[in-house]
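Shared between the two complexes below is chain A, which pairs with chain B and chain C, respectively.
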Partner chain A sequence: MSEKPNQQNPKKGEPWKPKEKFDKKANKEKQKQEQEQGEGKQETNQPPQQQNKQPIQQQTADQQPTQQQVPTNDKQIAQTNASKEQDKRKDFLSHLPIFQDYTSVSIKTVKQIDPLTLHHAFIELCIQYQNGQCIGSTHRCVEFLNALKQFIRDYKLSRQSNYFAMAFLDELKKIFNLMKNFRTVNEGMSTSYLFIRECLMILRDTKLDENESKIWLCNQIDQFIQSKIIAASELIVKNATQLIQEGTTILVYARSYLIENFIINYFKQGKQLTIFVVDNPQFGEGSQLVNRLQQQGIPCYQILLSHVSYILSKVDKILVGASSMLCNGALVSRVGTALLACLASTHKIPFLVFCESYKFSEKSQIDSLSWNEIAQLEQGNENQQYTSLSLRYDITQSNYINMIVTEVGLIPATSVKAVIGEFKKYNYVDAIEVPRKEQ
Partner chain B sequence: MNTQKAQPRLYSSKESLLALKAHLSAKNAKLPKSPTIEDYITYIKKLSIRLKQGPLDFWIPNVYRRVIQVIRLMSSEDGFVQNKDKEKNFKALGLTIQRSSSRSKTTIETGAETGSNAIQQYVILPAIDQVLEEMEAHSDDINTFASTHFFTNEVLLVYEYSTTVLNFLLSAKKTRNFEIIVLESETENLGKQFATDLGKHQLNVTLTPFTNAYAIMQRVNKILLGVDAILKNGGLLMHPGTYAICVLAKQFAVPVIVLSGAHKLTPKYAFDQTTFNELVSPLKINPNSTIEQMSIGITFDYVPPEYISLYITNQGQYTPQSIYQLFSDFYNVKDEDI
Partner chain C sequence: MNLGFSQKSDSMSITLKKVLDEFTQLNETTKEHYAVILIKVMINLITNSKEMTMQGLTHEIKTAGEYLINNAQAGHGRSELVLRSTQTIYQHYISKGLQHSQADGMEALKSSLLEISQELIDIIIRSKDNIKTQCLKFFNNRFKVLVVGYSNVVIYSLIEAFKAGIVMQIYIPESRPKSEGIETYRQLTEIGYPCKLIFDSAIGQVMENIDMVLTGAEAVVENGGIINRVGTYTTAICAKFQKKPFYVLAESFKFTRLFPLSQKDLSDSIRYSQEEPLFSEKLKLPENLDLINPLCDYTPPDLITLLFTDLGVFTPSAVSEELIQIFNT
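This part shows the complex of A and B:
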């Protein structure tokens, strides 16, 4: 499939901006967004694609969303606003990616240019990422894989290539590149990408036809989710239950799928815990966890991160979830975790991390600012005299972490590299069953 | 108690001094007929206990203690007078002569009122005025140290609203170029207010939520903090969250500088987070909290003196090991019960 000329090749004299393709204006009315989400699937190609192509090509990358509507007249105003915002973000974080506030409307206009670029399942997913409906590393990964399965089912081979595997490999790369425009791909998604690539390599060597390949691939993805996420979660909960005695006081930060399961499981066994949930009002994850616990009838205390010093003397253990574990033993997690880890080490409180093994990464990072994601705060007025800054992730150094609970066991933070080395023998996943052609 | 959050503590101290003046000049002031200095002192002590807004109100007793100390100093028979004004010197001198002459006599009825008025006029009221003056000018005195601690293009971290820090930065801006990061706490809008106020003066300001403190800390060169109360061991009582910031600062070896006027010196001791603290209403933290899911919020954070590098007060610069000297100059040990 041919790539569009404006996607990769920069224009002469202009610095390469990876987001040149998308319409940069944001529509703030999220209700309208949700309405159109339903309509967006059904709408066919709108009138002239060419007309929309040119103004979008001329646009430079916005750094922050503006308050204006989509219509083509206001694109120039958006450009001047963009240059103002670019001036503001020339500080020490100018190297970090900032993600736009897209709506289905703006994405639709992109679809008009290249309707086959991004499947509607992914578009819905990206909007969910933006809204904050889909946050948390496990949740994002699972939703991504579900969208991918849907895409596989709808995918039709073009007549140029007979091999499903090779064609789909290209498609997969494209999807990933486009998804990176919405939010960075987290470690779990990268591992699943490697896994699917392995599957496709195996598929290439067999001679299954299109339908059977698709079914087999979907099955493999299901197995990945089952073994790496669901079964892993059960093992982790089992390992953790041995660690934590009844009646201890634990402190939990933000929301983690594993920790939530662990607490619910623990209470179902009839044991008691005193739970403090530290909330992060910016992302609202703490209150989500509290609501979930409330549904299960589990009492807990809520506290803010700045007030944590008061109860640290009463807490026995601190549990956090992870976005990924890095090769040098550092933990990438929700912003604020490092602060909690530092306080924990001062007060000599054990700091436990719950992490599945598919989130282990080969990267290394020392500080939180060399790579991060900037989260969009609520927008203040345009002429505020200060710049807002809000990060999404945080690096906790390995010397603050006491233990990592994974499905392969309880490991110290320094052994992450060894575990990755073990997995590399199997290409990050268990052995993949080679498909046989059904007669 | 802490309903007026954006107002500096200075206001409550000043108002309490003016209230003291009003009480003294009121006709039904419960003073004995010929009050001595000691009578005045007990009167002030009782008034402070009455006006105190709860066990965690330090600022009113502090200011009254200072007034009592100044009264003691001004009326001391050794004649060492601490105030600056020459007129007051002569008045006080005249008073000591008067007192030494009046000691031989018994209470003079006709002269009793004039005697009490004289004491009131020449000792008490000047003492109150002196303390008021000290408090008004505390910002200027602190700002004299503004340029001495910064180098060019520094990055400073501040937390929540503090008028002392604001004035300090504005005066330092004249000679140094720096960048400011404002941490805002999750519940109140004081951080935003501070950032706006700083931004109005063309300072380079970045506003960050509290959770990003660790990520930002490696970029920071110094931390400037305003304080609610300085305790006698050098510990501090501050806005909740400052303890976490100071712990981080120690990890990253970032110096912490505390700015305060001397009216915040409190001759009490604390050892942990619970000595001087109060839980706030759960609904303030989270409007949806229930009995099963209770929200916990606190009023103060106690920071032990090991985390602080320097105190800058209007009486000078001190380290945590030496700040007790300021207490002995500033207050008298007899007054620590109010």
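This part shows the complex of A and C:
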């Protein structure tokens, strides 16, 4: 957002002046000037598509349109707001990404500036991400792939390039870069991006025309969803059903697509379980899970994370979902999972993680703060002495995890890198069928 | 049609009985390892099989294996885990061999299967030697070693160490209920080791003098833990608390895909022993004694320091990677 000002070397003989970065007013004016100069150059030279980034970046601080009058100069207001934000966040968490709330109105104003921004499917998706309508790693990934399929169908090759594959690859990169402004791209989405890139590489070598390429690509995306998400879910549920005997008491945290499916499937087979659902009050996912289970007629208890230590002595197993599994065996999941894992190990209760293999990542992380996402920042008064903070994810170390249930089998937490190694041999997915021209 | 089906099932049951008889006979007469016996029996089954299809043959092997596991005894009162793990690995290698074989016709296929079986037997026979070579680097003169239970591999390694000139003081717990420790004591003292027999209850008291604990395994489970004779878990807890290294000597065909999380997750055949324990006649046992007599227990991986296998010396977390490699290639 704000560029670091160049440090001027003091000339000889002059008294030493404090360096410019401490002088905030001078900074702001300098940045305004530089931006205006930059804008002027870019407007003339670069093709229209690349202006997408600028209007959105400048409006990142434009919180709600009702706050101020329609700004005469967007950039100036954006600058002042941005620097205020940074002042508040010059703490140890300033390296974490924070995403401002977009409303449809603010995105429409963005659209007015430049009509060639994101496809409407993605804009709807990003608003859903922001509202909290679309949360949970599997849900976000599937919705993203559906939006991508819509985009593929509406995409028209410009006359300059004849090759669908390479042009679409550029488009895909742009989409990802833009989506990063709204919410971080999670591990499942990264894997699907790699998969689509592989497909495009294969497309590049074939001689299909535009329509056939599009149809084939949409089919491949469908197959990815089918094999990596839906079929994997069925296998995981089957593996887990053999693990968990009838009548055990299980504890579930927040809401996971896999665990929800597992519980519903288990009860459909006529077996009984005692279920405790632990809720995280900020995101309210536990309540959503309880509602869903009640619709299916499954009884469960709902408690808060702070009450867990009371009932732990009665619990046999703890099941959690995952946002991703890291290479060193650590689990990235909803904030609060690490707490639950510590409690579990103290009481010697088995801690099981349900995770599909497409969420395995080659990253490695030891603590929760080197990378995370800030969920909300309450805008208080100017006089407020504190900033409220809310993280979205946390890291559970591998020695607290007893077992990971995946579609390739039951594995201990230390074997994640072996599974990743196996997958790398096949480029993350099974062999992709090469398309043939239909005659 | 009816006649055809009943004939087939009859012939199947005949082959199964034949297989079982062969297994028990070989087990009693020869001194070979029960895993080797299992594969030899399978070799005979393949050579004598009248199946004309690949699927039929694999089905026959599978049913024969299951029948053997359920009805045979591996000897020395061992659980069926060893047979089960060997059978799983054998079936895996067979199916991979069938997939990749370029042979035409049943006879060529059969001969390729027999080659694979023979290779496996060679690997199993050599596994003890491999383990012994790696163990020798960890033994030193005047070490004090606690040997848990009766394990062929442990005894073999210790005897070879003695022949190489390494003399260690060995403490052997009696290992109730089967009192296998006494057999270990007998075999080691015959060679000339200075051994001391202790009661199971004295393990905690003796542990502070010990330098290392050695044991075998019935099965190595997926997270690197082991299933072994009951009493191993207790000894492991003592060793961990006293910060003594706990070494497990196990061949690679004992790796299974089981994944127990606690003692409750073991199968019933392991938690309840079929055999009557020996009580001394001097004890006045009450009538209608309600006894809990498990055969084996599960030792979790955080209590184990290292596993010595013929594939190498592993930490418990590496076992799972090896398993993935075995079953995915």
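Here is the rule we use: the second predicted complex is superposed on the first by the 350 of 439 C-alpha atoms of A that agree within 3 Å, B and C clash if a C-alpha of one lies under 4 Å from a C-alpha of the other, contacts with A are read in each partner's own complex, and residues count from 1 in each chain.
The rule is simple: contacts are C-beta pairs under 8 Å (C-beta built on N, C-alpha and C of every residue); 3 or more make two chains touch, one makes a residue touch a chain.
Nothing here was measured: the structure is a model prediction, and the numbers come from that model.
In the overlay built on the shared chain, the residue A:N402 is in contact with chain C alone; chain B does not reach it. Contact with chain B, but none with chain C, is seen for A:S368 once the two complexes are overlaid on the shared chain. Of the two partner chains placed around the shared chain by superposition, chain B is the only one that A:S313 touches, whereas chain C remains out of contact. Contact with chain B, but none with chain C, is seen for A:L305 once the two complexes are overlaid on the shared chain. In the superposition on chain A, A:S287 contacts chain B only, with no contact to chain C. After overlaying the two complexes on the shared chain, residue contacts for A:I411 are found with chain C alone; chain B is out of touch. Judged by the touch definition given at the top, the superposed model places A:C342 against chain B, while chain C stays out of reach. Of the two partners chain B and chain C, more chain A residues are in touch with B. Against chain C, the residues of chain A that register as touching in their complex are 317, 350, 402-403, 409-412, 414-415, 418-419, 422.
Across the complex, chain A is touched by residues 179, 182, 185-187, 192, 195-196, 198-200, 202, 205-216, 218-219, 240-241, 243-244, 247-248, 251, 272-274, 277, 285-286, 288-290, 292-298, 301 of chain B. By the touch rule above, chain A contacts chain B in their complex via residues 91-92, 276, 279-282, 287, 290, 293-294, 299-311, 313, 335-336, 338-339, 342-343, 346, 367-369, 372, 377, 380, 384-391, 394-395. Those residues of chain C that touch chain A in the complex are listed here as 222-224, 257, 259, 261-262, 301, 317, 320-321, 324-325, 328.
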